[in-house]
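Heads up, the next two complexes both have chain A, just with different partners, chain B and then chain C.
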Partner chain A sequence: MAEHVILFAGPMGAGKTTAIESLSEIETIRTEANNTDRETADKDTTTVALDYGEITVGDEDKVRLYGVPGQRRFNFMWTILKERAVGLVLLVNNDAADPIQELADFLDEFGDLHEKGGVVVCVTRSDVATSPHIDQYAEKIREVLPGRMIPVFTADARNTDQMRTCLMSLIANIEMTAMIAASQERAA
Partner chain B sequence: MNNAAPSAHKDPHIIACAGEVLEGLNEFCRSLRYATFLTDDGFEVASFGGDDKQNRRVASMASSMQALGDAVAKDLRIGAAEYIIIAAETGYVIQMRVPDQLMVLAAHFDAAETVGKALSVVRLAASNMCAMIRREAA
Partner chain C sequence: MVSMTKARHSLGLVGLSPIECAKIATFIESEAEAAGCPWLVLHSDSCDALIVPADVEFSADPYQVLIRLVRFGGTPGEGLSITTPISARELMDVLKQAQELLGRQQKPAATGSLRVKMEDWGGMPANDRHDVPARDIPAGFGTTARHMTDGSAALKTDPYAVAAQITHPHAQPSAMATPQPVQQMPPQPAAHAGYGEAGEFSAAWDQIAVALYSIVQNSAPAVAEIRVENLDMIRIDFRFRAYNSRIPLEQVNTHGHRIAIRSTLVEAYRPPIVNLPGESLDKLFWFIGSQAFHGMAAPWLKPEERYRLRRWPNFTELNHAVADMRTAAAIGNCYLNAAELSSAAGITPEAATRTLNAYSLMGLLEIQANRSAPPVVFTPPPPEKSGGLFSKLRTKLGL
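Now for the complex of A and B:
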């Protein structure tokens, strides 16, 4: 039975906790505290350690879903959780003050997960803010991580089917990366 | 919980109270190396010892620890987490929620202190903080 550890990262308010809630087959573990930083995001609570959920893919592949806190002051949790991860779902809310810069910042922090398995970008709240367009995200990805194949989706974090599409795309990338690495090892 | 209160880390009265309580904690327990009051979401309210960078970092980490402790207690259905102890080679850290407030006290003691005494002074400091906030609000 294969196990994948997938991180859900992105700025505060991007929908990481909601996305894991949508996907998980088990009762999720949440570590939320009352949000006192209303200037950054106008929401009642914020994740201060991690979110955790699980989903089975195929017959028996277990995928462990970890959500990291969105605020940089919790970046020690980013380091801890990144260690075991093989893939990243990067969520960016389109209604953020500067979503393209948020994308660049988080790719800078977590982009190396592409080499370990794969990365997908999931743009949320595009129904609330219609710009920037998805092409602008793709352009920024090409600029920050040139030559990497990183799919970009728009999705509603509350929608299980949409989030599952993002996740399955990531898992396909991870498995392809593993196959390429194995064939290169055999050839060496 | 006092959800309607302004953010503790931005309230000068609460910051002053926290500073006063921490001074008292240090006078009462000389093995105290460092202590900080923090909001549930990891903002430093006031600290004793440490530099600004360390204070902010400890506040964030203590917030995560508190939330993880709460999550474990919830998952095991053993009621609310009362306190957390991290025992290390040369000292230990005790953290405890301030009663009825969205605030936590985290304190680092050297190994010379007994856990029992450290725990009781942290409990006393947390309840003093609660009492001071209530007096301020009255």
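Now for the complex of A and C:
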């Protein structure tokens, strides 16, 4: 069975756990502890190891959804999971103190996944904070990863349809990038 | 059947004062149709005909007719001209001559009669008003627009027929939804809102799209109202890239056969005319851009140019088909024209063109600077036994 690992990364409180719950067809495995950092995200618990969900596609494919903890002190987990991943859903909450910088920081850490597969950025809580606009996220991506096209969407992590759109766009981008690369290789 | 109208040529006002623009717009509004001179007036230097002050150095393209405005004390030169104070009669006469000249010109096959270009719009005012159509306007619809004196330009149009009672219960505002074949009798549902019997209804949206494109390219703080017959109006505030409408977009074709747009410049500090945050303007532009122009390229797009996305459309807020994602992925990763996009994304050339129209109206496209760059030749890999993950997930999720 082919396995496709998709990571869900982003700062604490961006909605990674919720996004996986929206997509997974199994009950999500969560590893949460009491949140002691209420200043960064005002929620009761936070992921300390990883979250896990999956989508089985026929007998041949399984999409594994891993949510990595948002705090930098857990970044040893990031390295382990990145090696197996083909794609990244990067969630950034628009009501963070500096969401554009958060985006830049996570792209710095996970941007190489774009070379392996693809990345999609989901801007959450844009109903709470209407700025920055997704144009500003796209601008930052061009600055950090020039020449790369990473989809940016506003999304509610609780909304299954929206999260499916994000996931399908990620996979469409991965497949199209591979097709273009193969075409150029054959043409060369 | 009711009568509909459309402009035959576009008239650009370049370097004129707001009062001169207002006068010309008013005369065209009140006189042009009766005089047989239907014109779409825009603040652009890439229209079929241009009115430019005689003392301004200006060279028109070969396809354009240049009309000089000779102010007090000036001397008319060769070619067409009008003098101040501008009179309706003189303006109509010169526009008739311009129309004849345009009628004699051999136009390039690939371009339409309306020309709007993407560059050099910076300093132009955005006070455009376009009424589509101008005939048979019942009381309560568009009548206020005919008396506006905001210095705006107006559209006048020639007789144009459209079916009156077509319903489109399955309207799907996605660029991927290919319009149904034209059905004369009985009327059939069409896949596109705005795509009516024989495609006539889209003609009105063509001009709305041109007007909106013009306003957006001007980058001036502006607001606009689109009135759709028998329905509430759509209010747009370009400063906030937002709109309000109590009309579901899918219904505009069901009820509206007459459309009018009015736009006005506003000071940046004025309060918004929409209830913020409102709906994203991208949603409206996606709808209009993918419906307009009958599946032909928008007049501001050039067939020889290739385009690439500046950013992906925000699909979570757009009514989209799954195929739109593949299309965005294709044109997001390399410069393509409509034919190449069609091939890369596996969609019809018409769907590719509609998508480009919508993206360009939304301001998402950048043009390839190096026109001589070789195109990306897509040679799709041999299909996997049961398709790629995208196809499988699509089936699995019932998308």
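By our rule, the second predicted complex is superposed on the first by the 168 of 188 C-alpha atoms of A that agree within 3 Å, B and C clash if a C-alpha of one lies under 4 Å from a C-alpha of the other, contacts with A are read in each partner's own complex, and residues count from 1 in each chain.
What we mean here is this: a residue touches a chain if its C-beta (ideal position, glycine included) is under 8 Å from a C-beta of that chain, and two chains touch if they have at least 3 such contacts.
Since the model is a prediction, treat every value here as computed from it, not as a measurement.
In the superposed three-chain model, the partner touching more residues of chain A is C, compared with the other of chain B and chain C.
When the two complexes are overlaid on their common chain A, residue A:76 makes contact with chain B while staying clear of chain C. By the touch criterion defined above, A:153 reaches chain C but does not reach chain B. In the superposition on chain A, A:175 makes contact with chain C only, while chain B stays out of contact range. By the document's definition of touching, of the two partners only chain B reaches A:30; chain C does not.
Of the two partner chains, chain C is the only one touched by A:55; chain B is not.
After overlaying the two complexes on the shared chain, residue contacts for A:101 are found with neither chain B nor chain C.
Interface residues of chain A facing chain B in the complex, by the touch rule stated above, are 29-37, 46, 48-50, 69, 71, 73-74, 76-77. Taken together, the chain B residues at the contact with chain A in this complex read 1, 3, 7-10, 39-43, 56-57, 60-61, 63-68, 70-71, 75, 102.
Chain contact summary for the complex, chain A toward chain C: residues 4, 55, 57-58, 60-61, 63, 127, 130, 133-135, 138, 149, 151-155, 159, 162, 164-169, 171-173, 175-177, 179-180, 182-184, 186-187. Every residue of chain C that touches chain A in the complex is listed here, in rising order: 241, 276-277, 308-312, 314-317, 320, 322, 325-326, 328-330, 332-334, 344, 376-381, 386, 388-390, 392-394, 396-397, 399.
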